[in-house]
């Protein structure tokens, strides 16, 4: 792939622009380190934050459709870091591709242009795997994370539904493990790596939410992990909250995969607090 | 060949279906060519421990049949062989090309003494033992194998590999002193009392002309790796139904003791998961595999015989015990052996702290159920042999979307194929148990016999009824 | 605990509404329960996921009052493993829609814990409101 | 008389040799009286092993052979053929089982195993010393098949056997062929096409030159044995003009007597026999069949709400039959779909315990009934059906929703079990074949001999053996035909000559043996005052030998003197 070919429309989404800026900053830094050009989608809006599950409300697709249309104009693939945005955009795109009537109705409401289904929605982790490759990642590693037992946590929305997300094997995901190995770390398999963290129940059913996120953390700890690696700001929030109040030796740091990459690449200024110890030594 | 056509039958597949058909035909005085892909005959029935609903030892009831067919004057056995080509002969029969794979053993010289197998220093995972036990690189499938002649697995043979590497120049063919090096090992050849090892043996091709064909190519199990949510192929203590048969079989790797593959411990709680891949049009196969309900009840019962203080739990959707004595058999498993039946599917199986966590449900008590198990048996779906559609195609027989053979009329002519002179039997048509397979194989043999007896009559021009006493 | 099955209700407005919103065939479910086996939220639910479908198959609208749809996190585990391809999260969403149309909001922006509003990712708030607000 | 016996001890690879001192055993046997030769070999059954036997017979002029190896069930035929080829009478060649009975069960005690092997081999040597030279018995064979039952099973078997050129007599109790299938609307997959194909089958029977059809006929007696049965048949309607019974000679009999519907009045709690609008699946078939009328029996109104009840009488050891009737799940799915096609605005309900649709395409079929035809399956049994304002209140349960469920129905269809045809048990007694506790005929072995009975020459086809559907019945019927053809394909029948015989000088014609023999092989001579043996029927069981007060009976090559000589060897392991 030529350097010119490694340009992407980049959709940060609301969360990365506000409460998860560290994910955005580390993502941009490692992308740059790998020669990936991320062009922020101009005038972007919220993706909708929940994929519309009801068939009788086409209007809920307006938000994601606007983002897709904006990206289409750039002619590049649309890359995201937020797992929720990725899920909503990817599935909305899949839905509109297969429901041309709905797409036509939406186009009548959107003034900036028409949805034509030419944009490919990607997650940056998939871009790193497929367009950069693990060999190139390995070559970029400055400080291999040898001895780091990291639990790859996928959650739900990156993987499912597998046929629509086209991201990884939903029952046997590999991409985070492969990334961790490329960075010199040791991936730790744990049973709950693709189970729900509680998601938006943090708002509507906090008790249930806490039980789920605690179970994920404990499952990773039981498997011998020293850190949890995620690609979703909501997962990270929930897993962090589950451990709030625990004595710090019992806390498992939760890091974005981009922060782990930054640490291995020697970009310690964006690697986040989980790598603060390494940064200070 | 007479104008009436050949009265030799070809039977493809020497499981219990093929053996039954071959014996029915040969015992009526007609020659049979019996072709089997494996080194010896018997098919899956040779792997089974005991059979439902009578708990007869499978090996014991089948051995007389394998021996009879193996020694029958009218049966020409081609094992370790596959059908390579088929063309119609002038008389309306078939000329069939059969490729016999190189066994690297001259079976005419071999006495089946077993020394090679005993002395071979290399072990590999045995497909016959379903991964829970090893075999040697030169091997027979079982001590009761018919024919009791070994084959050599060239891919894993130290001698052949080093010999071929030398020939290809991948390793030096002279030693440090410059002397011609000889390939490593070769223990079998050195110890064989009859000099039967033949390192240069090649595949051989024979042609047989036959007048009718019975396809009885049998079944396989859906690979457990197709069920990643159950840890299939990854978790050692998640095994399939045939593997559990080997654990129960007196002739199996554990001599009939139920031991966990991972650590050899006696499992105290065994969970059986029915419909593992069956009745699952989304991710597995859409059909019901028919035999699992009964073999699971049997395996659970046999497990309780072996481990009386053990627990056996079965997840099911419907208990399909439609057959003579089958309902009563499952009832016995539940009432007398206290096998616990839970109505619901399992969603996930994973390993934690050395045990298996089975996440299931009981839709009757409305409870999600989490079971800690020591061993999980997946009743994986019955699928046709991968090669079945291709072999059938050679004979002009169609396979359905699932790969099973299609009868000309599934309801009214179940053993007849659409192709003239080609008949069908057994699980190659769809999942079925042993008695149904055996009855159907005899049914297919009847069609062949009807044809051949008519031909023989044309040849002798004497009606078969001649000499019959008047009413 | 006894019902008289009403042939009209079997294909009545309630069932038609669920099927229209979810685009799912309720009768495709054979009650194998795999959804419930894998659902991470059954501990909190008053009805198992498969029990959400069962009364609807009988034409009963009793499930509208269930807490289960509101506890569904749409993690899609059930959908991923359903042998019959029933998209249960869509049915859950349809039930939420029907309940919202019949009654009150379950999540109101003004009631959200301010600490949560300040610290939680935006999408958690937006997503929860989209599911639970009229 | 002195014998020259050869003893051949097999290592069976390591099977025997690992726990029995095989060379030592051969060495010891060499010193036994009348043993002229003894040798051991790795695998006696292999070609070199058999050659060794042949060579020794020639070199040492042997007249008897003992092969100490595996069970005679494995290789007796092999070795007898070898011996015969080298000039030794095959009945003076015996196998001593030192594998299954010794090495496999005494793997860890070589001295004891070797001693026991010695006992067994010497016993067999003693037996061979007194073995007679025998010839196999040959019996005449009547190449005609009697098929009892003119349903699809009987017709299929008849067509297959007749197609091979053998004459068949097809005996049907009713006035027409077709059996239960003639009452069906159609098969599962073609729904309404069944009657046409049945008609084709009947036409094929009727025009077949080798098939004689006897309708309104029944088998009243049967004597003889495989290859030579005498079947007594009586024709004519019960109560009508009786025709004198006549006898058919037949070599083989296929029993295909089919099934009867369960008596509805045994299900009063669900209105069986009490409420006119509670019918059986067979009744409902008639309503759905071409020419039938889909209407409530009570008032002729087309039913809209139809409730099917699975397992009505089956899987109920307390009140009905314990077994599963196997076909009902598919029958209900078929009927419910046909009903919905006729009455598109109708609704079908089905109460079930387990849906047992385990045949090719069946799972998909029953799912179609639910998904496309809206059949509502309710998991539970029905407790009661009661009349209410001209309709039927069905009170059942749905264990999946934990609800008791009531349905107001127009028609209730009971999926009742198949039961054996009336008269099956007495017919079984006539033919000397057994029935199980439910009245279905027993097969010879549930796994490997599903179409045979324990009476040689009598075979089973179809539902008389147990509930099954049409494809399975047809395949099995052809299977039974294969056994008949196999029997008929031989020029004559041979039988082992090791059967009972009578020492006439000792026989007092007391007839104890006649009453004892389980095979009907014994009788008193019509003229002379002695008991005689019908060797064709004798199975060599020895019951008569034990029973005879005068010690006048013996089984050939199992004479009491042989058995005593064999016993003398047991436990005598002095010189090992």
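Each chain carries a letter (A, B, C and D) given by its place in the written order, and its residues are counted from 1.
Here, a residue touches a chain if its C-beta (ideal position, glycine included) is under 8 Å from a C-beta of that chain, and two chains touch if they have at least 3 such contacts.
Small disclaimer: the values here were computed from a predicted structure and weren't measured.
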Centre distance in Å when chain B and chain C are each reduced to the mean of their C-alpha atoms: 46
Inter-chain centre distance, chain A versus chain C - centres from mean C-alpha coordinates, in Å: 27
Interchain centroid distance [CA atoms averaged], chain C/chain D, Å: 55
Distance between the centres, which are taken as Cα means, of chain D and chain A, whole angstrom: 66
In chain A, residues with contacts to at least two other chains: 171
Multi-chain contact residues (two or more partners), chain B: 229, 279, 363, 366
Multi-partner residues of chain D (at least 2 other chains): 355, 400, 402
Pairwise touch network: line, ring, star, complete, or other: other
Contacting chain pairs - touch in the sense defined above: A-B, A-C, B-C, B-D, C-D
Parts of chain D lying in touch with chain B, wherever the complex brings them together: 11, 13-15, 42-43, 46, 48-49, 73-75, 77-78, 140, 142-144, 160, 163-167, 187-190, 197, 201, 210, 246-249, 315, 322-327, 329, 354-364, 399-400, 402, 436, 440, 443, 445-451, 465-467, 470-472, 474-483, 485-486, 488-490
Residues of chain B defined as touching chain C within the complex: 229, 275, 279-284, 317, 343-348, 359-363, 366-369
Residue ranges of chain A touching chain B (in the complex, touch as defined): 169, 171-172, 191, 219, 222
Contact footprint of chain A on chain C as seen in their complex: 20-23, 40-41, 43-44, 70-71, 73-77, 79-80, 89-90, 92-94, 97, 106-107, 112, 116, 119-132
Chain D residues within the chain C interface of the complex: 304-305, 347, 349, 355, 367, 370-371, 374, 376-379, 398, 400-408
